């Protein structure tokens, strides 16, 4: 038997506002909060480097490597390319810089063919520093790359809409949504929490105050042991539910939002993962029900198309 | 005292089917579900690279390295091998390609003897790219290798059969199976969950519907602190058990399956690990009991053969 | 409804003293305990290397690398620099040492231009060792660097003071403090525990014994699911509270300290993190309340300045 | 209030024996069980490489590297050292082998000075393989080294003896032991579990059967939030205790053993750690009590000597 739904304090997202706000959690899973004064990139570099998308990440890494090699090349140029064996000063600055740059790269990557090699103490010293610099950046990149790959991110797909639909053969309605694992692996020990955010009722009918009430919604079943297929998460709108007696229009008017966290053990990463998501009132749907989204083939194998998590039919 | 067994909703494996299905969890621990539309290899590369077996993994890595070096060799060949010092164009394409390939390898691995070295800007530029490419792949491989090694996988051996056998000196039967840790390390804080999947009873005796019922089976003891020897997991078939009054033939007819998850803390990896397994009705056995599978030698040392986890004797 | 506050045994910080002590947890989050006889650096090297600040860490690594290269250079010098191709013994010890040092660096970093190369078995042997040594240190540094970066450290900012302030519209006082996440990421499933340390009351009024009593303070809400904004943690000083009927002056006299641990799941690191903090009686403040520290802009976006976690106003 | 102690099933360590056994957990924390048929080194290599002590680990790594280089050197020798530039065949097998070995090392480490370089396709091919081989081993070693360092091992020191001593001002005895963290870091959220193993009482007074009974001992306090000082773990021997009315001699006769697991969050590694330990009856002591093992200096700083965890005094 599920726990009773209960009214709760602000769960960390803010309860009263000067004027109308947007939804709390955006469809992409980010919170609709702009935070100022957080740690800057220097103090939070690792976080930044492992969370930015791949395209800017590659751009940053390439830029750092290029800039480093340009600076070293410039230093070799200033010392004079005649201090690099195998290089004849050409009299043209650009040509000399290019030679210095190739020497820099051969040093930085520690490929060190030797066709170019440092002559004299100063060039040798700079080249020594650059070789260490290259090793360090290599160590650093290895760590960051591993950090990016091994971040345990679950990829849960939620049904596009949450359904307001009768609960089995009872007199109650329920609100239901369905999830599926987009990865090819198995999630274990998956738990769901659902909060409801709903604007408080005002004294004047039809008007609603700029104050949110929060409820912890009870679930028919709040955890499952594994998720090879899909999981339909159900809140029964019985007399104990904060949604009891509220129609869809009022839910929309009161800017209702259902905030969801799912966490489970990801067998690929060997770690717990969290996903958060929300359904805004405009994503609630009536007069539909979820239909079975898997088939059994002639061998007795179950076939599941993960995109069919959305599949509903009219009641 | 164990919790009471209870009927539960579909625990994420599907409850009703068009026609007869196979078992839910295969003997190798995989789920009997074919999932379509999951993330492709590009989007889920890390997962794929750390979960494929070693043989294909090595084949993939070798292929990528070979292909990369062939492509670079081809580029050097197109530019002309006369731009690699120490190489005399032979007039034979194959010989020149082989020379270019060795130069490519010496650059990619950053071994850079220097007997071959780039001449001219274009070859130097390509060689620079290749050296960075080699470093990157090296960083990448280090991370993937570590990811493969450090994935916390517990290796639990389950007894070949689950026994339907009288419980101690009571009037009740029980269903029992036994587990042992195949690794040489110690598992801590091990917890077991057992679900029962059994086809619903039809109105016509002898026929069963294509609908599964699920139960959370109560266990005599559902967790232990450490597992140096073996652990016999016991469900007592008392009046509260969904198995009460059902004989082995009916269990087979109703395609009964016992779904098991075990999780515990692996002291080698410092992380929690999960194992799942199932016994299908055809793997239930009657009139047997597990026997002690360890001996005490003359020094008072306990000797355990992990393969003896299966050891049973007739009642 | 929160659990009742309860008196507890010494929670691991010491209860009776010979004379007056300082606070238990310093403002920087360290414990006010000097521990003698802990593992030395050799036995606890990894811990030491990943927890020292960056400046000494870089100094240590640089010193180790420099020292290693100096030692190898010295060995080459003793063998004789004439055993390094491309080096002419200069007759000056310093010049020869510098040549040996550059050869050492080119070997250690595996850049190996080849303009300098070992001649003879002894120099070749030492150079072989040094190259392996370089690879080893590189592997080691990669691991340590990754260990430093990937340590999951949450950066929670606590309000400067804890407020002794009336609880909503009740007759009770409460003690409140507020927290915010300084990182740009989201913390999930955050839980708070608050212990109270207060010197025992003596028989003589106005005097207090050198013995601390500890209480587990009940909280209005001890966990939240996510923390995009701020979280105000509240202990209600009702009849069950150990703080009931004690004024601020007495709290100061009895060296009251509120010990706090916060833990939550950090989505960047994919791991649980812990923060501990304390408010000493001198950091309790009366006749203030926390005020809303976020604004809503015209787009309906919520703007939060993390530094405003301290914002209070007079009652 | 602590839970009641309760008799439990075999907690995974075996209950009945053919003849007398040794203690269950050895003083070094290992279980007194010899396991046969566990995974061999090939199948459990990572576990083996990260858990063997440093001395054999270094010996293994050195041997693998040496053996690899010897094999490659042998291959170069068989092909003929005249295919290595800079090497003149000496006519002496040993000298040629040594030259081949140095070439091998310069290739394997990718130092590649170039004073020696491969001549001809076969030698170039072998050298290419060796360079990749070197990179692979380097990647591998980096991962293993990191795995060894980052394994979260808590270093908890237990008092040498467990004390059978009166509990405060009550009429009850208690059994007490004390723990301290040997590392310089802080453990958080530490939980203790204590099992009692005691041979069953036989019908003949003075004789005891070869059957162990197990009990889950209730603790006065089973968890603490942090452990900057020491923690005294106490089981009160009241009427509910399985130890009630048993004197020390009988405990020894019945081969009593107290099995302990401690787990907590290690702030260095950011992970949970487990320690297990046991007190055998011969390590129980009467008529003693633990005394305060820290002092407060004139600055009000608390000084703790971790070795003083053993400090007791006569009652």
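Lettered A, B, C and D in written order, each chain numbered from 1.
Here is the rule we use: a contact is a pair of C-beta atoms (placed from the backbone, for glycine too) under 8 Å apart; a residue touches a chain by one contact, two chains touch by 3 or more.
Everything numeric in this text was worked out from a predicted model, so none of it was measured.
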| item | value |
| --- | --- |
| Chain labels contacting chain A and also chain D | B, C |
| Fraction-based call for chain C against chain A, same above half, different below | different |
| B-C compared against C-D, more contacting pairs | C-D |
| Inter-copy rotation, chain A to chain B, in degrees (Cα atoms; steps of 5) | 90 |
| Furthest chain, CA centroid comparison against chain A | D |
| Separation of mean Cα positions, chain D and chain C [Å, integer] | 26 |
| For chain B paired with chain C, centre-to-centre distance based on mean C-alpha positions, whole Å | 37 |
| Shared interface positions of chain B, touching two or more other chains | 110-114, 116, 138, 142, 146, 269, 271 |
| Chain B-touching residues of chain C, taken from the complex the two chains share | 110, 112-114, 142 |
| Residues of chain D defined as touching chain B within the complex | 8-9, 11-14, 16-22, 31-39, 44, 46-48, 50-51, 85, 107, 110-114, 116-118, 121, 124-125, 127-128, 131-132, 134-136, 138-140, 142-144, 146-147, 151-153, 193, 195, 259, 261, 263, 269, 271-274, 276 |
| Residue numbers on chain C that touch chain A, as the complex places them | 65, 98, 102, 105-106, 109-116, 138, 141-142, 145-146, 149-150, 155, 181-186, 188-190, 220-221, 224-231, 265, 267-271, 292, 294-296, 299-308 |
